């Protein structure tokens, strides 16, 4: 087939798909044919791929007529068994024929990775054209079954056991604090660090999600210190705190099939087993939505956002350092405010108060916490423990959260109640310090 | 919970199941709770287990009202997207809530094996009470996804690499020619033998299905010779024929989720790769239904079953050896007919003819071959190649097929056509010798 | 070469050995040639092998002339460096050229196993003809280096991880309490049992020595009970005592290269780590030399062997049960004395006293304990803890030690002192009960 | 013990060494004590280590008196057996007691690596003080036995299977063409490359020696092209030539225990097996001694070194490019002669001629080829095939061999004869082109 899949090729393609679905020559032959189709797909260009998927959307979707008949049959069914049989019939009618073909793609050497990547493509397409949503959803259903968390393997990743292939994937997939090279990576796998990932047995070198942990003393309050390659390695047996400082989803195609919750809790269990001295399990997390929210609020000029005394302090600081009148808006948009001591000190009060407020009170859709990382940890039953000023002074850290980070605390006895309170009534667990900070 | 699960315990059980389904305290807690339920189930007696499952049947099945509403919504939906959303809604309504709980049982240490065994129990219960069919079917759906053939591992089993645990399972699961002990087993894993099995990655020591192969010269015609522990080991590089002499499904709970077809063909590929001298791939198979059919036909006195000349020969042979009048019916029911030369010779003609007829012409439900082993290999695209007289003189062999066995031939170029002809129009591929044998 | 290696073949053989030693064509070619020689050796019959080895003995031994010259050179050497160089020269002259060829046999696929087995053959030959001693000793030197205990791997053997090949070797090599089949073997690998072995990295499926341990409560006093396949499996976490009930050397060719001492102590360490409840580490050991010694003593009519009161009791018991006069000699030679209650009771006193005496007081060569198992454990620093009456009522147990067994106790704080006392002055560590038993 | 090991500590040390050698408390205790000594050694500073080793040199060496007595006993011995016993006695007397202690260091967790590194230290010390030679030699004897080539494992190293620990060691140990980082390393492990190493089973992550191979078409003539990370990956199945472009010994402490010869030939065998299209096995090797030799010859003003016509050409080229008179000496010492076309062209003639002459005719000690890499490959039986101009234009390449490299050809049928001719009479195998090049 030609890369852009012209019409004649589409015709042949449709015929081959049909052969797969009818299992001509038997199921073994059908799988071989499906694998050939999969290889053909990989050789297509963007247009070609979209046309390939369109065939699946249009010609191999649910047959509305069959659904209607099955609905009629169900209405007519009398008695428990007849009703059950009719339901089964209807269930079948509601499953698109293409689901079978998608399953057959497993016959490719890396079939399951192929399907995970295909879903990532379908998700992108769906955002442009809702016609792709049903097939995207079909595929999500399959992946949800195959990636059931208890069918996966939780493995520790170490410098001694991980292969080159896997290690370079960690570098590629790290989504929170970019890994700057092999030395940085090796440092994150040192004796006082831990890295764990979930793997699917048929995708051996592909982490699905991974977490990086530092074994330290006391709640960590600065990510640059944590990642300092020159800092001496600590004795992990002497640590009292495990800090989860990075969690990265590695496969876009598995979005919405969540393992993060399991990953954190199983790693907590495993670490608690290995290191008897650990008393505290917490994160050092980014607050990715703070500046976006703040900028919008400042733009809208929300009344009462800044308190009078804060305003005074800011003005004074601005005057001292630059001889100009300063508002939060102007000051925070100076690129290097955090490296000027007076400015920094003046901003600390209002910014920490506003950030605590943002985390505790600002809501997104469905009453959930507006900050996505907050929502994730709150759903897991964690508590907002401590807001850390100047905790991430990298360019990204300043940009997304004015350099602040927060510790979410995972406290064994509280997790279930916190989860219930948050998912039930939206109640957010937080330390009293955090709460009073929000009040100013 | 008490072993027989009295009413009060059922009440508590129902409450715990609800907690799992609502994921109280979060999904991690729900899984832990499901695992506890699974362990409780394993501790129940037969009555207790049945009551446990009944709760799932009655309280956690499809909600008919929800289905009806979803059906109404679907009828009311207008436009492609609305229709699709309504279909998705209906699909959800048709999935019983217990499916979620069944999935959560994966959290048990051997969760997937637990579910496979649970299905075996549900299949037995369904045969007695159709109310268990829907849940049996729910579980079959899950297992079908998880045991997709391309998510499994095909492994060779050898005396050098298989563990004690796995080896004793081969002995336990062999279903065609019982393994008489460790020496017999070791002989079946000798240098001129091969054994392959499919495994699920989360059920490492449990074969799902396994096949035993002998590397020989020419089509094998006697299974006792094949299994003779004293026969010298042959050089496998000199063999021209691979004989598949035993295929055993090892997990009752995976009935209807077929791997046999794949197993044979993938093993053919692998052997062809390893041994360049192999020209022929065939089975030496039992004919399990022959005597049952024959006895019934003889009882019904089907006219023309025995030909006149055969009748004469049988009579003569009976006379010579026992001084009595002999019919096929009386002669074949003498326990040791096959050890008396004259009787044996007289029976050979009619029995081989009738057996070829049975294989080629007798039909079961849906027009398929009446013999189940024949149906399996014909569906795979194999050809009936040669009927072998006195090929299995064990008690079981005499009892089920009057000692006959048949070679099914897997010929690469023919397989797809044979499959299509058989599954399409019921046409059976057979050698001309077999066909003429059936005619007498 | 022909199996019995006639003279002409010997000539060719000698030439090929020379080619190996001169490394003609380079060391890689020489090794290939040595491997061919090794394969030729394996194809020889007994006569042929002896002639093969004789060539090595006669033509490739130490060159006396070269030794004499080197000795002269050493006497003439003046100054430290010259002396050292001369010593090095002499050391070379004292190493037989065949040592190089023996080393080259490592090039065989199972070269190191070949050499271990070759040593077993050479040990047998040496016993008949001392001319083989030097080469046997050369080989022992090589094996001593290669089988240094810290180059070996200590592995646990379990039913879940050991292969068929390894398991059948355990059955073949068990030297103390014969393994009666696969069920017996499986029972010895049950949850409340442990089996450990040393392995050489290039002899992966060949245990060098292995020990079997039972995790029980209190000192075990009966081996039949320990090995009872029907006895329920105990919870190993609840055990307070580890009983080492069998230690078998698996390779005759490694005689004199001892690992037993290391094996016991490393297994003690490992078990102490795994099972915190273990307080006692002891053996349940045979007393293989007791009856041989006793029979000889009785034959020699050693005065005072039997005490007067014992004599009376024996006589009485003999009378009661058989109406005949009984001495220890006659009674103990009745095959089934241990199944007759009165006889058994009468024999208990004198036999336990004599056995304790034998263990504590009878000496072998060099002042060591006469009983070889006693010598082994005493050298390891263990203490004679308790003599057990009717502890092994198998035919072998009755025959070698009148059914008695003994517990040797390994007590961490005592081991070094016990070892020093025994190896220094022959002093035997024993419990007071054992000592008083010996006194009668 | 204090880092610099003052006199009192030396006294204690001596006592502890004695305890090890006498195996006080048994061999298990002795090994534990030896391991403690090994850990103490690692904690010492340079002075301390030297003093530690001096104790071994002075107090635990060969006892000259014992040697003299054994010599006397040997002279007095009459008869074959007595003589043999006396030889054995003498052999024992010639083995220094410290050999036992060195062996016991194996009890350290990485004992064998400890000993390899210790030998590297002893080699350095021996060069300063010959008193360390005997102990260095003792250790070499032990390592020679333990690192017998057939007790090692040959493993392929791939990006998919090698761990971070191993990969960074390749970077550290590469001795011929420095690996510039992880991308360079990954490129050397690409599909058209191979890397093999020998490993000792008890030093799992430590390569002993490794070779890097490129699968190409035709003899490679430029190492920069070979290592170009941007060059497209070739299909290895289409390659006709395997180029061994780097061989690095990774353990200084194993100097003189040679595996290089085996490594090359076993890798040739393995590649020939895997890639049926390979016809040629050759190296692309540095000529490390050329410039040193040349500079010396130029300094000595060896008459006839430069031919008259060459002199003229050089002069002319120098004039054209710099307006100055040029000799080989002045021209070659201009840092960038190879980037000036005319100069380069003028130098090509004399430099290639002189280099061929150097390789073929210049001799080192014992008549061997003066160039060490040449000596290595000639000893292995390879042939000088082709000299390559501007084959390594890195700074190092220009510096050591004026940018030239040579292909040594490993031709199966020739290897043994080449080896014999070279090691016997110093005859060098070379292509006729190389030979005539040397003549000019």
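Labels for the chains are A, B, C and D, by order of writing; each one numbers its residues from 1.
In this section, a contact is a pair of C-beta atoms (placed from the backbone, for glycine too) under 8 Å apart; a residue touches a chain by one contact, two chains touch by 3 or more.
If you're wondering where the values come from, they're calculated on a predicted model, not measured in any experiment.
Participant: Which option, A-B, B-C or A-D, should count as the same interface as C-D once over half of the contact pairs match?
Facilitator: Same contacts by residue number as C-D, out of A-B, B-C or A-D: A-B.
Participant: How many angstrom lie between the centres of subunit A and subunit B, each centre taken as the mean Cα position?
Facilitator: Once rounded, the distance between the two centres reads 43 Å.
Participant: Quick one: report the Å distance separating subunit B from subunit C, using the average Cα coordinate of each chain.
Facilitator: Here subunit B and subunit C have centroids separated by 51 Å.
Participant: Please output the residue numbers of subunit A that touch at least 2 other chains, ranges allowed.
Facilitator: None at all.
Participant: On the basis of the stated criterion, which chains touch which? Give every pair.
Facilitator: Every pair of chains meeting the touch criterion: A-B, A-D, B-C, C-D.
Participant: Per the contact definition, I'd like the list of subunit B residues that touch subunit A in the complex.
Facilitator: For this pair, the touching residues of subunit B are 24-29, 31, 62, 64, 67, 71, 74-75, 80-81, 83-84, 87-88, 90-91, 94-95, 103, 106-107, 111-112, 130-131, 133-134, 137, 142, 145-146, 148-151, 201-202, 261-262, 265, 379-381, 415-417, 419-420, 423.
Participant: If you look only at subunit D, which of its residues touch subunit A in the complex?
Facilitator: 159-165, 167-168, 181-182, 185-186, 189, 205
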